[in-house]
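Across the two complexes that follow, subunit A remains constant while its partner is subunit B and subsequently subunit C.
Let's look at the complex of A and B:
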């Protein structure tokens, strides 16, 4: 599923990073690392739902589950 | 006793952690009234020292204006000291409504409701007017009080990159299915001093049927040709649905704030906003002072014009000296130093030379963006600014940063 991770990573960099923090990897902490604030998670959730035709319940869309691209991939696969 | 050693230790450990992280904040005691020159006790216990203040929100120099003080005395004499009630029981005086009407007139809005502070206005407004069917779309650099207000509200929230109109448009498209959409931003951003693109935002909001919210705390009284705010500067007076602002900065600097805008939205705040419903409003002495401030500003743009001239002199002087500044044309002029320790040392050296300006660093500003934030006032005379500029240049030379680029300063001191 490398493709899925690449797609999510590309979205995260485009949506949340600027020239000073664009060295994000699959393991970079996004929420706890301050790259994605909790208010901005809704875009990411909607992107994943639209892209992979899934529905992620709010209860599962926790900051922990969204904290790295690797974890996001696990979350998406759970609801596919 | 409930306050056991175990509980005490928890707090002591947290405070130690804050200190070790270099984030411990300490107040500095001022022994004079707020003005271009103030007497500061620093470090605590030392004799007060007279310094030029370049870090106050006293943009128009009205904090200690004789006419404002006189009006405040009259308010105290005729309306008393306290209200001892919230607004809807017996805490509304004629002058509270008079101030609401005057603010509406000044800002060019339909109606206004007073709050104990703008922090309270921002904390209360979103919850009062939005539900879980709605979305708040905010600029990523909005003030902390707006973030708190959004947290208290059941509506969903999303953000757009700072001042990026193409990104905002994408978000408006993404959330087209929501009942109400509110675009939320500051008029002037307090840390960077840049101005919101309100004209473009108003056009986008019209296109996508969204409400437009602006916090004008660092704009009211001096931005725009007659000081009405960012909406005047951007040519969109009457097109902003919700304005919040403070009386604690340019408009006398005491306290208090408001929500001003569409009639129905203001009325919803009067019915539902919790900081309005459950705390006393602004004390009569302050209301009387703000009324006089608005009279002064409506009669003449002299103070606002002087502030503009002072700001031009200050920005030009710092730029020519070789400092790295944040772009902009507002009286908030951040001198970029990038390194937190350098910002603190620079501030201390300035103080030794009789200039009071504070270093800002993470988490108040992003990591690697430490700075001295300077704020210019109409209360500054040219000799104040010349002395302050000389001091900045002297300290800049000491650290060898004049004429250096951002990258060069970071290479020298880290970020």
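Let's look at the complex of A and C:
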């Protein structure tokens, strides 16, 4: 099974970055770094829910919990 | 003592010449906002005063004095002039909230060109529509956003120059691109600001309507008069204030009150160019000792959501005055802010077209939580009957907000769209498109929009624009877009679609469509929910009845459906 972090990182780069800012790592701040804004977070949350067949309550989908790929992995595993 | 003193007393003897005198302006004089925001402040002896304290990701900091702003805006204006850009040419600012955006804005105005700020999260189609309407000559941008410009460049022969402010030489520049480093360029000591007059165009902001393409709102240099005075009296900026306007200059608040207002008053402002989090915002207020904070209801509600415990970790005692703009500020948020910050956020009501505040709450005036407040002195406001467009004399009766269009910052037209501009007036009143009522004490209370435009997080989204973009997706046969209630953003975009044969209505397709709109238009315009339907409600003539879907979303009465097509 492909590593969850790799899958999420690949998705983030594919969807939210372009050729000029694709040097994102597991620790790159996504929300506080302005790569993913609060509106786009909805689509990232939807991706995680579809991909991992989970439901993330809105109360848990905070900017802090989505701020890095590492943190997102922790969040997803909580709801698996 | 607040700058405004007594609101009632100001009403008695108000004249816009108060601002003209303070700015040493007389009718017929040159008036250049760029000069007022930089050179004039230096001439007043504040050259060494900090104008901009900027903080980026990881706490990276840059500071600029008013003299730095003067020199760098001279340098930018001179650079643009050397490229052949002249007065009244449109120059687009397509950047994050970096110093080049703020100072570039001043430089463009000094040159006499028209500043066209566009939100950096716009997708290529949103960008193209706005650049095309403005027939923009040059775009100032960053590496991280240039790919969106490159994608549409072939369709924009009028764009002569793309100026990259952070070019690092790692990849070759492409067609029409040129590098410019604001801090490293040789600073130009003298640049004669273009002798713009009161009615010379200054800023072109784009806003969305129910139908048609986004409209370019044309403002002029004389707007300074009301932007200066409203900043002084409502935001109450005083000599030693540290001001933080959280708005992005891609939108009108970010220029009227994020650049022009504070800098024409010679006030130090700070900018945080990172994404939102309660922790980073509180930390910023503490670190920068922010005294005046102008923000938006969406942000305030997000802070409320983050809870009160986190606030105790920071020293926010520097705050002395708070205000809000973008959408109605609910009473709960006002009460909450008073409880946790010891100050209530004062709601201010205005819009892109009005250029400056219209209905607001004032320091020293009794606040009624949830109310927009009262008209700014010099503004003739009322609530109009929806059929006759006559002012309603009855207290508490809802109607359309109307303003007599005679304040300095009123838009002068929609760019290349005078016909739509004229439709904004009825009976001599300018109609901003909102409904309200006036209570027995003269306070205005917001009821809602008078059209289908969606106000999400203080930004207006055209349902038409999103519906049109949806139809460009290969799976979508028909679309209808309405506002959906949202706890934080007030409203978000919801789309109803029917699919073409062969496509399966599932979660993966929904996400694909959402991302399609996000990239094409902007994250704000992305539907937060897509509902698949077998058919959409239509009139017998085939027009989709958005209001039926809107009523369903809001749990309201559907109203007259006699024209609804039978299934």
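What to note about this one:
Rule of thumb we're sticking to: the second predicted complex is superposed on the first by the 78 of 80 C-alpha atoms of A that agree within 3 Å, B and C clash if a C-alpha of one lies under 4 Å from a C-alpha of the other, contacts with A are read in each partner's own complex, and residues count from 1 in each chain.
Simple rule for what comes next: contacts are C-beta pairs under 8 Å (C-beta built on N, C-alpha and C of every residue); 3 or more make two chains touch, one makes a residue touch a chain.
The shown structure was predicted, so the numbers you read here are calculated from the model rather than taken from an experiment.
On the shared subunit subunit A, the superposed partners subunit B and subunit C overlap sterically. Contacts of A:31 after superposition on the shared chain: subunit C is touched, whereas subunit B is not. Of the two partner chains, subunit B and subunit C are each touched by A:39.
Once the two structures are overlaid, the count of subunit A residues touched is higher for C than for its counterpart among subunit B and subunit C. In the superposition on chain A, contact of A:67 is made with subunit C only, not with subunit B.
Remark: of the candidate stretches 6-14, 132-140, 222-230 or 366-374 in subunit C, the one overlapping subunit B after superposition on chain A is 132-140. Touching of subunit A by both subunit B and subunit C, each in its own complex, is seen for residues 18, 20, 37, 39-40, 42-43, 46. Looking at the complex, you find that subunit B touches subunit A at residues 138, 140, 147, 150, 156-159, 161, 171, 174, 366, 368.
Those residues of subunit A lying in contact with subunit B across their complex are 18, 20, 37, 39-40, 42-43, 46. Against subunit C, the residues of subunit A that register as touching in their complex are 15, 18-21, 29-40, 42-43, 46-47, 49-50, 62-64, 67.
Subunit C contributes residues 57, 96, 121, 143-144, 146-148, 273-277, 279-280, 302, 306, 456-457, 507-508, 510-511, 514-515, 518, 523-524, 526, 528 to its touches with subunit A in the complex.
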